[in-house]
């Protein structure tokens, strides 16, 4: 067995033994997914040797390439809170990647090290209420004015994932030299985490999706991440791997839902035959098998491209856009079929598939709605012809 | 304006003025949809002259044929709780129909009159936990043993819609002479309403979907609804109109979600143009227009067939099966597109479309899952060839 | 039986007894669908009393409203050449409608009377090779220059349906006062019918889809149909009914293909059971039943709107666009499933479904491709919001 | 550049320079795809060093593993007759594979050597008219009776691909010891190639799909391929690679159709903008990009499994079933969109995409219809649960 196959096996066992029981409490019994619970799970993941599939060994991570991440995170994704348990959940996954690529040594020491080690969580404040930046980052309105040796940030954000309880937030703001990223500590004056939004995906993220306000928030030059004016380029560096990690995690959940459906219909009969022998039920099973296999193939291909051509390459951008579009829709279909195969029980929240479906809905919107991605895929495909 | 068109207009106004405000409290602010609230809404509906689209005038209803019901209930369905406000929500809608067709005069007086007038709610206890009757009614295990002048019922039910707070429950049980329906009062010894199931659709039904146990529940002969051994035939009488009322109500909600999406994108811009001018957003809008028009056409055709050939006719069964299958899936697609068109806000529960989508999921399962309906549609279509 | 129901029955019998045998010769044995054959079939249709569902009684037609046409033409459409046999095939159907609405009495006498009576065929020359008018009529390049008492037309057309052997062609050309329609006789100097295009739909149209060139083609003022500059408005008058007639005809063919599939699988077994009992085959049958019912509902609704609000009303335009989009795609799906249910024989041209599928492909493009129609449907739906 | 990448490039160039011109003559101008033409093309392929991607070097082939075949055959598939030109078209592809795995040395010398070298063509006579073996091989009725030192075969076959002009035919027949494969020479008494069936795919196969009759056809023991009674097991050895080669070839054609569509809309405008900027056209392009990428991923995965676990492994069977189902449907969708994007020209046979679409229809049926494959995929997936 290769070491990756071994890691996949260990991750599968860890999730089954240590995460599934907690997941049931969170999903069906209302246990709150807070940082205490996260730390408890991550401690067990460390003990099991499966912590940190996205992190460098120097921060206690597993040091995997993207191809290996794909296999390990599909295993972790078998539970809604499995990726969090191994420290590969949004937005920390993308922030770890971003900081590893563009933070200076001091920033890496201060922000990346504790984040990659699971000691803290982080947030990224990008999306803004209309008429600010939603899917279109060029509409950014939050503004950072340069002062003597620093910056003053003003603006409002929402859908700031993980903001409650985050040790720091990466704020994307316009400057006179273009969009720029700033590292802002949790207790920093002028940044206020507001209301947690009532989103459908409330089981999986300890920090929620929040409103965040920057009001005369003064930060020093050292808070600039990467270069001034390079905020959107940096967002691109973060985007391809982040989208693909989403795909890996959610594919794992789709596989789990599919298996739950297979187990469920294996125990039921109706109309004179086991449900598993009814052709239309078999059709749903087959379609999910096909969706899962195709999703896995697209993730694998994009992972290989990231490893070989880099996360900011044009080909990586194209392939992760394709993977995100297909996988987010395929996951939705697979989970929807799993609900359907459970019959009435499929819409009961104490059966996990109901909650999985609801939690998955946002995946077709976050990090690029399918329509925006299709548009960008088409424009790239049409480029040679114009 | 015809009187039906006038009633549609009045219903639309009533829902907009009196139901929408309450709906927001229920969906976004956690107000509980209980009987007090139901009675408050129904009182207003009576004042507005829009109460009782399914009831006979002698019980305070509007005395509409099925075609007229289709138009009025689409208007009422604009709110998740609109149909309840006019007394056309499951399971009372089907029970009103059933009692009107098969109850004896005394039963009509005692059960139908207060139900049709909105004074009380009812339940129907049909579905059973495995290995009992789910989609396949022939698997019924709840048993009623004949005694001297009465019956003793034993068995377990679940998904008994509306059971909490229902004045009476129609229990379907096997007897030695075949499946039979029994009317059981709320306070009757031996019937116990248990746990309310944690279903995804929790905003719209005051009585929930419950577990109900019958334990040596003795009822007199007068409790038999229709004839002994005719329980499944009676269920068929109830089924076609009940499925179609579901279609009418949910189509109304799909139209509402579609309009909310149209309004939403009318106010947004991105990538240099109003969202309403982006082709892929237009594609979603067009697909929903088509789905809605097709759903309406199928409902109308089936309503006409019920009016002309009767609710238990073979043609009515075929057409309502077709309508239920298409409409439940079309409603799901329309609401899903509406969520998608709202972008991130689409998955926030304080935007109604998120909640609409989640509530609608069960419609593809209740009263016949799509797969069971497709199977029955096909077998009817294949009959001539075999 | 109503007189419409009676006419439907007679049309069904006529098609079965007189058209099906000829269809097989045309489709499977290569008999050419020429005017001799058309006249032979139409003669029989007249004898059977089913000729002219689109024509006025004064021209030997049946004088039906659009709703009745829908039912009769679905029956005629059971054969690929059934609509032609009753004189309701493109482009004559639309031209009959157009001339009935806008031609002056002399033009009606000269052009409409023989066309409606089936004595002659006609063509309409609208579409042009790029960069002329394709889906976008505003790109019209064919130009008619006003002279003393007449016009000189120059330009190239293609996809001129029915041009070979047509007694006259309606040419749409730009003038200095806007697009205008001209009636041009077959033998008129300056109009040359060129190559018949090698389209996939070659069994059903005696006159083909042709290239037509106008070279200094002089016509008198009397050749103007309707008013100068009103060409596009007149095209709109023609468009809604013409699209709907397409829908009626092709729905009939889809129903036929569906029935052929039902018959076929009724005689076959595989894997230990009749094919008709295999769930996935049943799923295809059910989906086609649903598609057919939905298509019929949309046609009926649009027909009613044309009858009540007129063919050029905004509502008729919207509903026929919706109907055309859905029906053309539903017909395609139904025929595709029928092919699939025939197994290997489904792709043999001596089994009719193979040919039906190929012939149907153009229906999703002619008279407005689905994408253009979706775009226009969406813009109409979005109008209130902007 | 790896040697495989170099071979892909050479194949691409060969197809573009030598096959495209011939393809146009065959598809649009009616040139007959006969053996003279096949030999002419294969001669050029040999000169270009791209002949024999499925054959062993000892027979003049390229000696590629399945992964490399996938890339090379996608390149060859860019033309409808490209795979034939490099000797990788059905049924010779599967027969080469089969003979290489199970023929004895003498049979390899006599049958495999000239076949792999392109000197001759072959056929496989498996499918029978009802009530014989169609999709279900267990229904085989052709019977081989054992005689002294040989066999006498009787039975009727159809859809015998490549039969006209084939040097030999592999006949699958029942014996008292189970289904068995026999090698029968073209001129062998008792085997008669009958009617060429009028299938939709008539441009690509020199030998057609034929009816073949075996009438007291005597063959010696040496004609048995593999072991007596192992005919269905041998068919399985052939099946997985054969399905996957189909996928590779047709994916290549889908990519070509997609590129033709991209080129086409790159030159057109409508409604005030280039077609390439219309959102709904972009949506079609994006969907095809996604379909193509997903298809490629599934082929690659299945190819790897064949290489690593063998063509008859259970995993190879599962993955090639999934690939065949998805790819055949994705190819159909991509070609259908390409037609749609061509507008009216898309249904003209002198534009290649029209013909590509029609030719591709059978791919969803041959070598396992989608429904039969879905059924087998589901049963494999459900096995653990039962």
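In order of appearance the chains are A, B, C and D, and numbering begins at 1 in each one.
Simple rule for what comes next: a residue touches a chain if its C-beta (ideal position, glycine included) is under 8 Å from a C-beta of that chain, and two chains touch if they have at least 3 such contacts.
Values in this document were obtained by computation on a predicted structure and should not be read as measured data.
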Practice item. Can you grab the rotation angle between subunit A and subunit D? Superpose on CA, round to the nearest 5°. Key: 180
Exercise for review: Specify, for the interface formed by the sequence copies subunit C and subunit D, whether it is same or different in terms of residue numbers shared by both sides, with half as the dividing line.
Suggested key: same
Point to revise | Computed distance of Cα centres, subunit D from subunit A, in Å | key: 41
Study note, to complete from the structure: subunit C and subunit D have mean C-alpha positions lying a whole-number Å distance apart equal to 38
Point to revise | Centre-of-Cα separation between subunit C and subunit A, whole angstrom | key: 51
Point to revise | Interface hub residues of subunit C, defined as touching at least two other chains | key: 278-283, 374-375
Review point. Line, ring, star, complete or other: which describes how these chains touch one another?
Key: complete
Point to revise | Touch list for subunit D against partner subunit A, complex | key: 262-263, 265-266, 274, 276, 279, 281-283, 285-287, 289-290, 293-294, 296-298, 300-301, 319, 322, 325-326, 373-375, 377-379, 381-382, 384-386
Point to revise | subunit B-facing residues of subunit A, complex | key: 28, 127, 130-131, 134-136, 138-139, 158-159, 197-201, 267-271, 278, 280-281, 284, 339-340, 343-344, 346-350, 354, 357-358, 361-362, 364-366, 369-372, 374-375
Check your understanding: Touching subunit B in the complex: which residues of subunit D?
Key -> 278-283
